[in-house]
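Two complexes follow with chain A in common, the first pairing it with chain B and the second with chain C.
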Partner chain A sequence: MGLLVLGTPLDWPESEKFHDYVRENGIKQFLHMYDSFISKKQDILLWGDEIEYIVVSMNNDQKAARVSLRQEQILKALGDYEERFKHVDFSPIYAALKNTNCSKQTDAILNEAAANPAKFVERLVKENPSFASNNEDIPFRAQFTVPTFHPEYGRYMLESTPGAPYGSLLKDFLYVEHNMLLRRKIIENHLLSHEHPLTITNFFRLGTTHFTDPETKANGHISRSFFLPDDIINTHVRFPTLTANIRQRRQRKVAMNVPIFFDKNTPKPFRDPTVPWDRDLYPEDKNAKEGAALEDHIYMDSMGFGMGCCCLQLTFQAKSCDEARLLYDQLTPITPLMLAISAGTPAFRGYLAEQDCRWNVIAGAVDDRTKSEMETVPKSRYDSVDLYISNDPRNLPEYNDVPVVTNEGCYEQLIKGGIDERLSRHMAHIFARDPLVIFSDNIQQDNSTSNGHFENLNSTNWQSMRFKPPPLNSSIGWRVEFRSMEIQFTEFENAAYSVFVVMLSRAILSFNLDFYMPISLVDKNMVNAQARDAIHRKKFWFRCNPFSDTEAPPERGQFKQLTLDQIFNGEQTEDGFPGLVQIVRSYLYTCNPDAETLCSLDRYLRLVSKRASGECLTEASWIRNFITTHPLYKQDSVVSPEINFDLIKRITSIINGESDESLFGDCRC
Partner chain B sequence: MLIAALGPNIPFPAYGVGTALYKKDNSKFQTETVDSVKKAIENGFTHIDCAEIYGNEEEVGAALKDLKVPREKLFITSKVSRGIEDIPAALSTSLKKLGLDYLDLYLLHAPRFFYEKKIPLSKGWEAMETELGQGRLHAIGVSNFYVEDLEKLMETAKIPPRVNQIEFHPQVFTRSKSLLDYCRSKNILVEGYSSLRPLTKEPEGPVSKLAKSLAEKYNVSDSLILLAWSSSQGVAPVTTTSKVERMKDYLTYKTVKLEQADIDALTEAGEESSRPLLYL
Partner chain C sequence: MGCSDVKQFLLCTGDVTKNLKSGIWNASRSVSNLELIKALENGSLQELKNTRDMVDSQTKIFVAPNDSLQNLDGKADDYEIIVKLFFLDGKNDSLNGRRETTDQVFFYLSQLFGIHSVSTLVASFPHIVFSKEGLNSSSNSRVYSSIDEVPQKEIQSWIDTWKILEEKIHDGKVKTLGVSEFGVPELERLIPNVEISPESTQVNNGGECKLPSELTKYAEQKHLKIFFHSDPSILINEDEITEVIRHAWPNLPARARADWVVRYTIVSRNTSVINRKGYLVKASLL
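Moving on to the complex of A and B:
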């Protein structure tokens, strides 16, 4: 998450002196990157995924599931693994995986590959000379390289990425699931036997009592949270600094209030007995009783409740800056839709909520706006996109219809630097925020060789899409990041959702599709996407006709409200929208796939289709169902430690191959 | 229609170079067929549907060669029947006769060829699947398959057929309803041939009479009424004619929007004069 520079961070009052300096130099760095790379064109479309995990510690005797705080040791071990095997060509492993159909065999291969890939590859190539790749140098692609592992905000969290990007040919999509499976296997190998890496959005009892292993107390001065110990924050200095500076800038604790799910026995009104209303350790303790904690809501008061969530993120490299800007725009209306069908967060701090997603909680968790800024600055620095940025003629000015705060000085600097109006406005909006963490030894930077100041701001604006210029000293091109999806339990699902979005992005470019709609409608969709059971209960704004008529001049689009089933599976009328799944399928056919590829990728399309129609439950619905039908559930919205334990146990079994028809139908095979 | 904007869709109506233009004498090259195909394409058909068994792939090939239409603008379907024992070879033969490098769609013509030769359907389908993605065909499907045949195929199939081409018009509706439902559930597009059979074979029958009166109501030809009826059932028509006027007419079938009551009336008329399905 963001950059991990070493050094000493300035405390908030000290750092305020440098805000304009960072902004000005960040823009200079952007201008330099832009000039250097504007003509950079890539022939190859590359992409990658980021998966985050929560390491759970299980105690079968006590029937307790807790989060394990051993991130530092685990990451060190994973780092050693990466270092040890960075010269191994992993492709024979993927060749072996391709040749097997049986899950036992797949598991055996992954086990050997995770344990010692060097030895395994040697043996594989000996037994199957055709597996050897004839490359002098190892190509920089996911199927050839060792995966990489990263720290995240939570000290119980891990992140993994493929060691190099995936390509965008159909056959490249077949590596994704195996790559993800291998990553989990490697992590598992470096955990203790009672620890498991779970890809769940949040730990259901985060912030309750006895939820960490080892035991910790929620009385830390960094977050000053009632519920989250400072020990759950990654020890790298950046993270506690971020936490404290956000709290200091806004002059009160962060406050997220998620409506509680009212069940038969839930007390109404709900005044949370687990909130220590009268604690008096810190001045901010009184925030809660002074109104920060709302009645009938689940109150959360720390960055960890947001940034301690896991998600699924994709980064695409576009062919050029213009294509990156177009993709950014065209995928923006898609972000709420993918959020809705990936919903996986129905519970917070041990309570069932009246929503199914984590998005607004993270928005609140890093919201650094002061009380007065709440009136003048429309959104948190973590939230959905505010501006379309492409110069495509179909990007009509009226689509940017929400108020947007920009830094005038930065805007002028950008325009003077030769950047066009739309991109200038976008950057000036990003730079309207204050830099949250400034390292004293990193203030002086050479703007022609460093992009630290630029990254400082670009990486602490957490939007549903992120626009990323090429890094210096690399062959990487202009990129966009798709950030709204919630993480799923299994690699099958994560691969399905990832590959679906990638293929949709290719279809958008290939068929010249136009999903533009007013930002205000996209924002409405973001709200609806997070609703409990949005699949059945909500409608989403959608452009009536995304098919561009290249002969006619671009006209103001017509928009209507559709269900997710209609958006993904089509309107079932002759002139109706054929559905995103059908569009992707058409794109798939244009690539003339062979039967294996078609069969493999079709599983992914069918899963997405069934999640959108409700034939398969979203994970949020599935989790909610598990909790509410658990024999020990008291119909009071409480996720007790026993229920939590059983739920995590069941999720672990599903990850390990146990079937569940309500979740997957017949798609996972 | 919006679907038209998507990828390599299958254009309809397809122009069938089939039994109506059937070669009675296999040895003679029929220039009438060549002329018909040329006229069809010149007047707007882009999907040509032929088959090994009709024995006129060479005529189609001659028409295509003469016209010099860019290959990517056309959609050519053929079918294998007698050659099912060696599908790659049958495909080669068809491609040679048609003068093409690839087919857009290749179909197993009918299950009966498999039953006659005691070859399992799955084996034929496997051969088709192996050809997919190798460059000589872009999509694979079946024809005259009923639910039992499809189920047998799906037992071992990696992917379902893209299309199933069957006889379809109001008089066979009742017998094909479960097949239509099955195909819809598996995402198999249904193509229908003999759409106009009630008009040509039973001009005094209830379907034909109703089609003629609806033709007046909607101010279109009776053929178009039946094509529109097929379309309303989710079936894409394969048509044929040697007359240019009819060609131009059939191409407009999607513009006819029948009211639900009229659609139901045609279905009912079909049920009244119900027929068994043709087997090839």
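Moving on to the complex of A and C:
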């Protein structure tokens, strides 16, 4: 969620004076990074994941589930854990985990590792000398290092990442699930007994009454929301500043309207009785009745509804700048597809929605466009990619077919600085936005040693893919970030989706796959991906032949609409598209991993395959099903506190190992 | 060069990983030779006229037209090169034949791709299958239904062939050796009698993930890795190879038989990107 700098943020009117300054110096910093690192060829695949959690506080007597606002204390405790164990070599723990198939044993190992990894490792190595690694220095890889924990927008949220990247061998992919399990276990160890870390995209009753622990009131002046108290915002000054500045820039509250799911007893038309239409605390309160809140929709009026969502993000390092640009382009058409099969957000603010994903809600939650900019600037600063950036000859100019706003001054500065046209246009588009948070003590920066101004803008353009130049003072190379996926309940699923995308990226590079299609079609796919039950009800644009062989006849139109089942599992016709899962499977088998690795990774492919075919439910469908078949559900689209409690209880048991065939089939074991 | 001189053929499929019609997309745990057959049939193989003294006048080379035979980019160490060598000379298991085959394989790898050493060489011997369920002594004359059926002469040929492969290790041309479809009974005949143990065995157990405990225990004792594969015991039959050669060379005077096949797979160690995968097939006129 951007970089946390210490200091005093300027208020919006003050900061406006510095916008061009930040832009100009941000470009200078980019040019410096580019020149320093353009010849950097890392040659190694390193990658990592980011997982976000919602800490839920359960009250079994009241049958109430709420979000716990103790983020600050929890993070402090986790930070102490990190500091205390930063010199421990964790690899014997992974060796022990590898050796067991029994879930009770796995749980026991994770418990000891979470409690005191130093003592545990000492004991393990004594009992199993073969577990000791022979390295003098601890290698900087996920299986050796303590995981790290970070704050996020919501004061009920946590984020965890592996402490170091995963490596490039297929064997390294086996660490992912265990690493994720360990991270959750460590978090659990630092929570109170009634608190649980859930990897769900959103808290189903966020913004209803009594949804926080401790109790809070929605009357804060920062977000001015009808529903979300300012207390749910992370206390670090960056977050409330971001919230207030977005609201100030656009001169009205943010407004997200998600169509309500009409069930048998849902009032039609739907005028939300929980909206305090006549509140008069703040000037923005009248936005709702003046048209910001739409009929038949679930109205949300604060950044927290978007940035308070959790998701699954992956970052991987490319061999070079060119390869990073190629991967950025080739993965862009994949982002809506992974969004669709990871769908997990069918409910907002206590109501069932007529959509299954969070994407457009976050887009609206940080949309800083003024009323007149709504005509001239096509998208929110959080939304899908607008431009392909690679110089690959297959990147035809006609694929960049959507209007894009760029900052002319920045563009000229980049071209003069020797950057090629495509990358210049991309950066000038990123820099067309205003910097949202400027810290007074961070305005003066040495452009040859700092990239703060660059990051200010690059990290507040939240796109479905992000292109990340190498940071200064580090050996890290050119990277791309895959950002569209929704988080899943279990580590098995999160590992499956992560490893699938990473293997797909390897398959793209191995087989010279070409998924290019016009951005306008990718955008159409993004819309369809969020639809309720997109698996069964929507088709997606896809390139007719992503293979580079010159003998294939040029298809009429070159792009066609397929179901997700066809895209992932193949067209099942002679010379039809084999499907992304089969392509990844062919990649996997060709790499010749040993039997255990192959079987472990294959179960990830089977899950992705079954989610795309509908044989296994997406989490959105599963949640929707749980709600609508709950005995207390009144067929009125309302997710009551009791239903919410039972749903969260069930999710918690699934996380703890309870099986669910509708979600996983036979893949999880 | 008169047509009647030609007795042998070398077919190079080129890289099978880059096109829609490739059999690589049929990859599964079920036994299949589609990847090889499709590569040969779809490849529109053409005769390589300028053989650069690679072969004598009795041998024709056929290559896939769009696949330029390229050397590897960068350092050889950066790649994992796995070669599976299928000895198909069912009727001809003479030691000289095996030695000639092995030498030819390394000669072609170096001439065609600039490959001078491989990470792993997996040997596939004829007539042996791992999964003997459903086989009885009369069911298939081409595979043995138990180790007891294997003549001592044939077991000895494994050991003798292995010595030839061990020489390649000593010559620095191979780092590790593996074997295909050998289970515990076969490994027990091989390992005690050779200098350098195989590092792995690859088996086809019908798509099961669970391996027989006999094998996993043995593998742990002997520090053997276990892999899966889906190659059939007869990788390419007479009809198939004859058809392929005739298609490329309509003047084929008689039927042909495949003597050996090599599958090469080259993967970058640092990025896990597959560089290429393909087959070389050596055939003779019957």
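Observations
We adopt the following convention: the second predicted complex is superposed on the first by the 661 of 669 C-alpha atoms of A that agree within 3 Å, B and C clash if a C-alpha of one lies under 4 Å from a C-alpha of the other, contacts with A are read in each partner's own complex, and residues count from 1 in each chain.
Convention: contacts are C-beta pairs under 8 Å (C-beta built on N, C-alpha and C of every residue); 3 or more make two chains touch, one makes a residue touch a chain.
What you see is a predicted model, and the numbers here were worked out from it, not measured in a lab.
When both complexes are superposed on chain A, chain B and chain C occupy overlapping space and clash. In the superposed pair of complexes, A:Ser168 makes contact with chain C only, with no contact to chain B.
Contacts of A:Leu45 after superposition on the shared chain: chain C is touched, whereas chain B is not. Ranking chain B and chain C by residues of chain A touched puts C first. Contact with both chain B and chain C is seen for A:Asn545 once the two complexes are overlaid on the shared chain. When both complexes are overlaid on chain A, the residue A:Arg532 reaches neither chain B nor chain C. Of the two partner chains placed by the overlay, chain B and chain C both lie in contact with A:Asn592.
Only one of the stretches 7-15, 169-177 or 223-231 in chain B has C-alpha atoms clashing with chain C after the fit on chain A, and that stretch is 7-15. Counting contacts by the rule stated earlier, residues 510-511, 545, 547, 575, 577-578, 582-583, 586-587, 589-590, 592-596, 598-599, 602 of chain A appear in both its interface with chain B and its interface with chain C.
By the touch rule above, chain C contacts chain A in their complex via residues 17-21, 24-25, 27-28, 66, 78, 82, 200, 209, 211, 225-228, 230, 265, 267, 269-275, 277. The residues of chain A lying in touch with chain B in their complex are 510-511, 545, 547, 574-578, 582-583, 586-587, 589-590, 592-599, 602.
By the touch rule above, chain A contacts chain C in their complex via residues 43-45, 168-170, 319, 506, 509-512, 545, 547-552, 575, 577-578, 582-583, 585-587, 589-596, 598-599, 602. Across the interface of their complex, chain A is touched by residues 1-3, 5-9, 129-130, 132-135, 138-139, 158-159, 231 of chain B.
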